[in-house]
Amino acid sequence: MLINVKLFASYRELVGQEKVGLQCEPGATVGEAMQRLEQTYPVLGRQGYSPLTACNLRQVGRGHVLQEGDELAVFPPVSGG
Amino acid sequence: MLINVKLFASYRELVGQEKVGLQCEPGATVGEAMQRLEQTYPVLGRQGYSPLTACNLRQVGRGHVLQEGDELAVFPPVSGG
Amino acid sequence: MDESADIIRVTAEPLDVTALMQSVRLDSSGAVASFVGVVRDHHEGRRVHHLVYEAYAPMAELELHNIAAQMRQRWQISRVALAHRTGRLEIGEASVAVVVAAPHRREALEACSFGIEQIKKTVPIWKKEFDDDAGEWVIGDPSAT
Amino acid sequence: MDESADIIRVTAEPLDVTALMQSVRLDSSGAVASFVGVVRDHHEGRRVHHLVYEAYAPMAELELHNIAAQMRQRWQISRVALAHRTGRLEIGEASVAVVVAAPHRREALEACSFGIEQIKKTVPIWKKEFDDDAGEWVIGDPSAT
């Protein structure tokens, strides 16, 4: 199934794209999708901080099960204000 | 000695004047000046609250000793803001 | 920071909060907190048509300077503006403004909160509330002073 | 008060704090508290020339609505405005504004303080600091979320 990955801030710059299509097994979790993403872009795993993840605009943990067409956002700890 | 009394808010309206000259004995305290003021304007003593007093722009108690020409302000508890 | 940079005002002119916010900000300020008291249409169950504020202006300004000095002593802040309006005010008009610029947000917010509490306790200003015909002086809490 | 009256904005346009203050006030509001975050010229010992903010805008707006709802749950307030700027900001420009109108001052100030704390913890927005040549992303506290 296809997951629409959106990247923000440092992760967007490391990957050089703000959107990436990611093929995952049906029933894949956010954790599994992140593993696959880091295989394709190893630089993502080499930062001094861990990415946060949101599915369809809601923050989710690594165990969240993805569905075809989900928007998976990947971003560093927030620093607005 | 002459004390320059300034009246504010409800006290100003009760007396009908914003300034009153008050003759006091040399060495009179604020308390004694207030007694004399209330003798002249008995309505001042008949409110459900007590006047606060300031001498030359600083809040003072009844025991403060007045000097010739002092400005004695008489006002109700403050309600600004 | 020089205390003379504090903006202290007891004035019959409308309060320009935007101008106060711009005046207190320095390039080193990351935070501007403000509190504005506004005339509302009721008070303790009674309808309010308008208010009149009377001040003992020279003493009020001295007290506002004292409050600004206390704020500086207790919090690391850049600049302070304390302003109180006098005369007749309609519903929705600003009666009092406390504006604090500081390097960090906590200091700005805490000092702002302290500032408005102190103004209500110690500054010689009085409020007369008018409904459609009569006016009545609001008497403060004498134990607060 | 209808929640739809909350003003929630994630925008590349300059924040007009005066307009926000006017928008949140009701005739029953006696207090308007506001916090404005401003770009300052240094951060943790380093000089700052300008900032760039990036937002995950639809999620950021959702989070701001959540924060406004929490403010309403915890304090009796009239209306809330929560706004965050995006894009390039120069020193002195407002990056974030929290404006709260309430019948009473304590509620307005406490809700305002809560609002800015929550924004910094949960809203998906990131800051990149530029000195005279290079830029660097500021990474938030992951335990804060």
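Remarks
The chains carry the letters A, B, C and D, assigned in the order they are written, with residues numbered from 1 in each.
Definition applied: a contact is a pair of C-beta atoms (placed from the backbone, for glycine too) under 8 Å apart; a residue touches a chain by one contact, two chains touch by 3 or more.
Please read all numbers here as calculations on a predicted model, not as lab measurements.
Steps from chain A to chain D, taking the shortest chain of touch contacts, total 1. Any chain bridging chain A and chain C, meaning touching each of them, is among D; the list is complete. Note: centroid distance chain A to chain B, computed from Cα atoms, is 74 Å.
Centre-to-centre, using mean CA coordinates, chain B is 26 Å away from chain C.
For this pair, chain B with chain D, the centres built from the Cα atoms lie 49 Å apart. Within chain B, residues 81 each touch two or more of the remaining chains.
Multi-chain contact residues of chain D (touching two or more other chains) are listed as 37, 105, 116.
Going by the touch rule set out above, the chain pairs that meet are A-D, B-C, C-D.
Interface residues of chain C facing chain D in the complex, by the touch rule stated above, are 17-18, 21, 25, 27-42, 91-92, 101, 103, 105, 108-109, 112-113, 116. The touching residues of chain A, counted against chain D in their complex, run 6, 8-10, 12-13, 48-50, 52, 54, 57-59, 73, 75-81.
If you check the complex, the residues on chain C that touch chain B are 37, 53-56, 58-60, 62, 84, 95-96, 116, 119-128, 137-142, 144-145.
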